[in-house]
Amino acid sequence: MNSYGKIFRITTFGESHGTAVGVVIDGCPSGLVIDMDFVQAELDRRRPGQSKITTQRQEGDKIEVLSGIFEGKTQGVPITLAVWNEDQRSKDYSHIADKFRPSHADYTYQMKYGTRDYRGGGRSSARETLARVAAGAIAKQFLATLGVRITAYVSQVGDIQLGEDYSEFDFNEIENNIVRCPLPTVAEQMIRLIDETRKNRDTIGGVVTCIIEGTPVGLGEPVFDKLHAELGKAMLSINAVKGFEYGSGFNGVKMYGSQHNDIFYTTEDGIVKTKTNYSGGIQGGISNGEDIYFRVAFKPVATIMQDQESINTEGEIVTVSGKGRHDPCVVPRAVPIVEAMAALVLADFYLRNKVVKEQKG
Amino acid sequence: MNSYGKIFRITTFGESHGTAVGVVIDGCPSGLVIDMDFVQAELDRRRPGQSKITTQRQEGDKIEVLSGIFEGKTQGVPITLAVWNEDQRSKDYSHIADKFRPSHADYTYQMKYGTRDYRGGGRSSARETLARVAAGAIAKQFLATLGVRITAYVSQVGDIQLGEDYSEFDFNEIENNIVRCPLPTVAEQMIRLIDETRKNRDTIGGVVTCIIEGTPVGLGEPVFDKLHAELGKAMLSINAVKGFEYGSGFNGVKMYGSQHNDIFYTTEDGIVKTKTNYSGGIQGGISNGEDIYFRVAFKPVATIMQDQESINTEGEIVTVSGKGRHDPCVVPRAVPIVEAMAALVLADFYLRNKVVKEQKG
Amino acid sequence: MNSYGKIFRITTFGESHGTAVGVVIDGCPSGLVIDMDFVQAELDRRRPGQSKITTQRQEGDKIEVLSGIFEGKTQGVPITLAVWNEDQRSKDYSHIADKFRPSHADYTYQMKYGTRDYRGGGRSSARETLARVAAGAIAKQFLATLGVRITAYVSQVGDIQLGEDYSEFDFNEIENNIVRCPLPTVAEQMIRLIDETRKNRDTIGGVVTCIIEGTPVGLGEPVFDKLHAELGKAMLSINAVKGFEYGSGFNGVKMYGSQHNDIFYTTEDGIVKTKTNYSGGIQGGISNGEDIYFRVAFKPVATIMQDQESINTEGEIVTVSGKGRHDPCVVPRAVPIVEAMAALVLADFYLRNKVVKEQKG
Amino acid sequence: MNSYGKIFRITTFGESHGTAVGVVIDGCPSGLVIDMDFVQAELDRRRPGQSKITTQRQEGDKIEVLSGIFEGKTQGVPITLAVWNEDQRSKDYSHIADKFRPSHADYTYQMKYGTRDYRGGGRSSARETLARVAAGAIAKQFLATLGVRITAYVSQVGDIQLGEDYSEFDFNEIENNIVRCPLPTVAEQMIRLIDETRKNRDTIGGVVTCIIEGTPVGLGEPVFDKLHAELGKAMLSINAVKGFEYGSGFNGVKMYGSQHNDIFYTTEDGIVKTKTNYSGGIQGGISNGEDIYFRVAFKPVATIMQDQESINTEGEIVTVSGKGRHDPCVVPRAVPIVEAMAALVLADFYLRNKVVKEQKG
């Protein structure tokens, strides 16, 4: 389904080369002042053509408001945002209309639906994520009024990897380099690797790390809609994602309980904290007020600038040629997408928790 | 919320020391012959006290049918299964009634709900997962009629780790040892590590790997309810899970697109296959007919048999003593839980896809 | 599906002659003190055998708590309530196992599910409504803390009809007579008609009117989940209901706008009121603080104590004989069911509105 | 919420005087050939200004496709349709910005959301229903491939009323007169009454009757999502609706069971039919293959061309003047809206039933 969230609920629409890509946001609180320049700025972080290590396609991606904002404020009614696709009819896609590109969704869409929009991947294109970023930019403005801050950055490209202790990084550095890595020296290495990969007409994977600060205690709805379970689903729903871990993650497997347990204490101000945070800010599926942090693994982009063997709709062997302008590594542009999905999850859980809050005994 | 699934939908209920733990299954196809001995056998795989490396608590966990099965078959109406808790009133929990155990859900439940059932963790206890296993055993019987087979095993305990190529294992070995690892030599090492950990009054983490064979092409509902996104949520909703990866997972990050792309070919029988399967059987969020495989990371159990510092509901420093009988490592008993959640996801997506299927152009 | 509600959400289970009939209530606020005697008292109002004008079947319908209530209070976890069916195996239903009773659900269940529990109607039996009454009794206790009062009564049996102005009735009279009509003189006429109908081995229809007082402004979620739309669905989901109208209802059709419009005014205490209430307390799908009132039409019960022609599963003509003990008129026992469904709708919308409330500009 | 349906699911957006009004349709089967001229024709039936008895506002209401249709066919992805509002900035609404119009949603929206778009009722305007008609026109095309036909007509205006036996009407007459009544002599009376009412600067209510032919057996999902319960909700969610009844409806109350029961028989072709159809084609919440029929009551439009007393946002008494061009009676334009909502319900239940169908024992 093309909807996500229970109270703060989005529905995205649009294909890569259709008329428009957009989103309807239902359940956003009323009376929220909306800064559309911020929404555009978030889209610009995701936009193709922003640097030499992203695809060189140039798309304006100018956002328009179709409904829901009146006198600069939300009204408790559906907010619709859309970007018009440029030149969607100009290109000829007939050469791949009957071919299944390797590790794309061509084959599975064709088999599931019996038809597919073969122009640029149609609905399965990562272009759909611009709708998520637009909606996430609304969610972020709501969360900002609550003091919640979401920051993502690239922590790994290929085998070049940052240390895991995010407290040693200056988040202000993230947007200062085109790969969106907070450590400039590592950023340079990453950029070099991506650039080399691009020259080799190949692609490479990476990891995005995300930190959520300022979360109130109580977000998450056990037993199935645990906060990290929903964050995991949200991240795994992004194109090219292969893994998700939060807190100690896969490394926590090697630890003993006596090491891993986060010991509670009370600050002088009477605030409950934990001495360590292997729990990643979530216990029993509910936020405990510590930082929430998680890592998202992205595979190498499937579109490579090389000839590849494949089959067509008749099952015959064909050659798929790499053409066009594509990202050699998806993670720099994935940073705002990860943040947007995190914002959507948090906004939804914040509203779901409001239902619970007042009734506390 | 305590419900999971859209068509094949379960609602679990019950606290660790309440009257009963159970599940209502809605949307199960009618006319399905149910073998309740199989359901009991699955519960026995999850049962405490089954071996020296699990908790020594003895609970019968006998399943009862409250509704939905008539003349041995499902009727298209809700199926209710429940296990009565034994001796739920016998124990005195007052010593921890006002203490927050480290890395448990005590603190977050108290803060979210303003109250909590402190007896054995109440609703946040892993005892809730028996309801999932019972429901999963119904889902498995449905999937068996479709030729879908789900197999999970322990692939890592602490730093003892199996190789990732599951094709080299004999799945029949899994249930031949108490740690549920398909390689007997490694199984022994794992058992030794768990046993040592137990003697040290500590706990250790582990990884469960799951393989789904025989899946038809077409399961998964883009763009948000991608098959792997929903599998990820299902796994992350299990107590103590910290991470999920499928296909190439976090290791895929280091690969180039030219290596990672799975090349299609057609068998002599006209079946479309891929030469490699880094995609983990899922492309664009939809199953492609190859094996689905994923890994689930479990942290070390929070309950350790040691004194730990913590705070009470007044924020004062207290000592939490380790008592009772608990698992030194959760993964041997987590194997049937992972399988059950996978079965629930698959059954739901199979039914959701039926809606799509007939209309294919 | 067997679930109802979005936040305050119930799932009912159980067949007429299965092991148990019950309900899981998810999303009930935590910390609510529960009076189980009240729940039992509500069930007793619905219980068979309570008077000479209801079925003479004697069923204890004793409610049990399986989960969710600890130390007398709700915990924010699922509450499970169940009634065990008595003697469910004692009766022989083989004589109707292959017959479709006229105007029952036998034929449609058989065709939809390919199987059916023919014992007493199985899941389609009105016995399922006891689960609704039990859940509604929890919802009522929640609503009572908010000052919301729900009162239903029988306003019509056959062609014996009360006037529509409920302000002239003493609601305390309702439970003073066995037909649950607030006007004793009319109650007697109704009882006489039902009794005659019973003697004629026939059944007759009726109308239940329901008044909700003390509703806050703001309940209802346009544009689809309008308060009256959801009330309508809830009422129409009760067995034997054929119609629903609120406020001016079908009679409002004949009015002019200039008569029908409810003029606003402000009381001396600054409270906004309307001079008339043809709107039935709901405008634009949202409660306006006036009384909500609606009428629910029940058809004559399909089970009559007469021989009727019908067909069997082979399509052959057969005779269905009226046997057993059945209600000659369903409305006296439907009164608590209507109230329960209204309470469930109101509780859900109250919680849904909490999400909206704090954000008001 | 602004979404409706479970599988065939629509989300409407847009305010009366915002940029656009539209709908996203999710879950429509793929491969369906779409005739956009039919969609436009349906909108034209709802369009203002179509005759002397509707509002004289002239709006083109030209539909545009933003997503989901490729090469003339649906693709299993979200279909987005929108109508751009004309001249939405041209009018001055400041004179009613702080006034609550009687029996409109002004007051309840203001109280619920703390803000409201006062231009023409904003989101609460019946203009929202054009999105439903557009989506319904897609659902109708899907249902047409299954042989399902939906026909609505005006059966009552004020106290001028058609007989209830629809079999005596020629449905081809419905679109031959501007009030959409199948009996020309009664149509004329209705038109005269509406015209007089308009001249009196007043408004009047009416009833729309709807017949659904060709429904397969098995649509509807007990126990809460009964087919008639969902039809009721769908109809009650339409602006100005006050009541819903199906089959024998409120009149059935006066009948005896022995009269009301629909006796089954088998035709020579082996088809199961009922001799009467008081059940309205639905038994136990599931369609039985007979015609489904129901009646929907619409109140008189709240906007009248007269001065009315009311209050403003400060609670002070003010005069609301009737201006602009409005419908003296809503039912002629409501006919396509009723049909559209019925089509959406049927399409959704058809798809939900597909899940059930194959598994039949």
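Order of writing sets the labels: A, B, C and D. Residues in every chain begin at 1.
We take it that a contact is a pair of C-beta atoms (placed from the backbone, for glycine too) under 8 Å apart; a residue touches a chain by one contact, two chains touch by 3 or more.
Nothing here was measured: the structure is a model prediction, and the numbers come from that model.
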Q) Taking A-D as the reference interface, which entry in A-C, C-D or B-C shares over half of its contact pairs by residue number? A) B-C
Q) Roughly how big is the turn, in degrees to the nearest 5, that lines up chain B with chain C by CA atoms? A) 180
**Q.** Separation of mean Cα positions, chain C and chain B [Å, integer]
**A.** 39
Q | Distance between chain centroids, defined by C-alpha means - chain B, chain D (Å) | A | 46
Q: Just give me the whole-number Å value for how far the CA centre of chain A lies from that of chain B.
A: 26
Q) Listing for chain C: what residues touch at least two other chains? A) 1-3, 12, 27, 30-31, 73, 76, 109, 112-115, 123, 356, 359-361
**Q.** Contact set on chain C toward chain B in their complex
**A.** 1-3, 9, 11-15, 18-22, 24, 26-27, 30-31, 64-68, 70, 73, 75-80, 82, 109, 112-117, 119, 122-123
Q. In their shared complex, at which residues does chain A touch chain C?
A. 7, 27, 29-32, 73, 76, 351-352, 354-356, 358-361
**Q.** Complex contacts: residues of chain D adjacent to chain C
**A.** 1-4, 12, 100, 102-105, 107-109, 111-115, 123-124, 128, 156, 158-159, 197, 200, 202-207, 217-218, 220-226, 228-230, 232-234, 236-237, 242-250, 252-266, 270, 272, 274, 278-280, 283-288, 295, 297-304, 306, 308-311, 315-317, 353, 356, 359-361
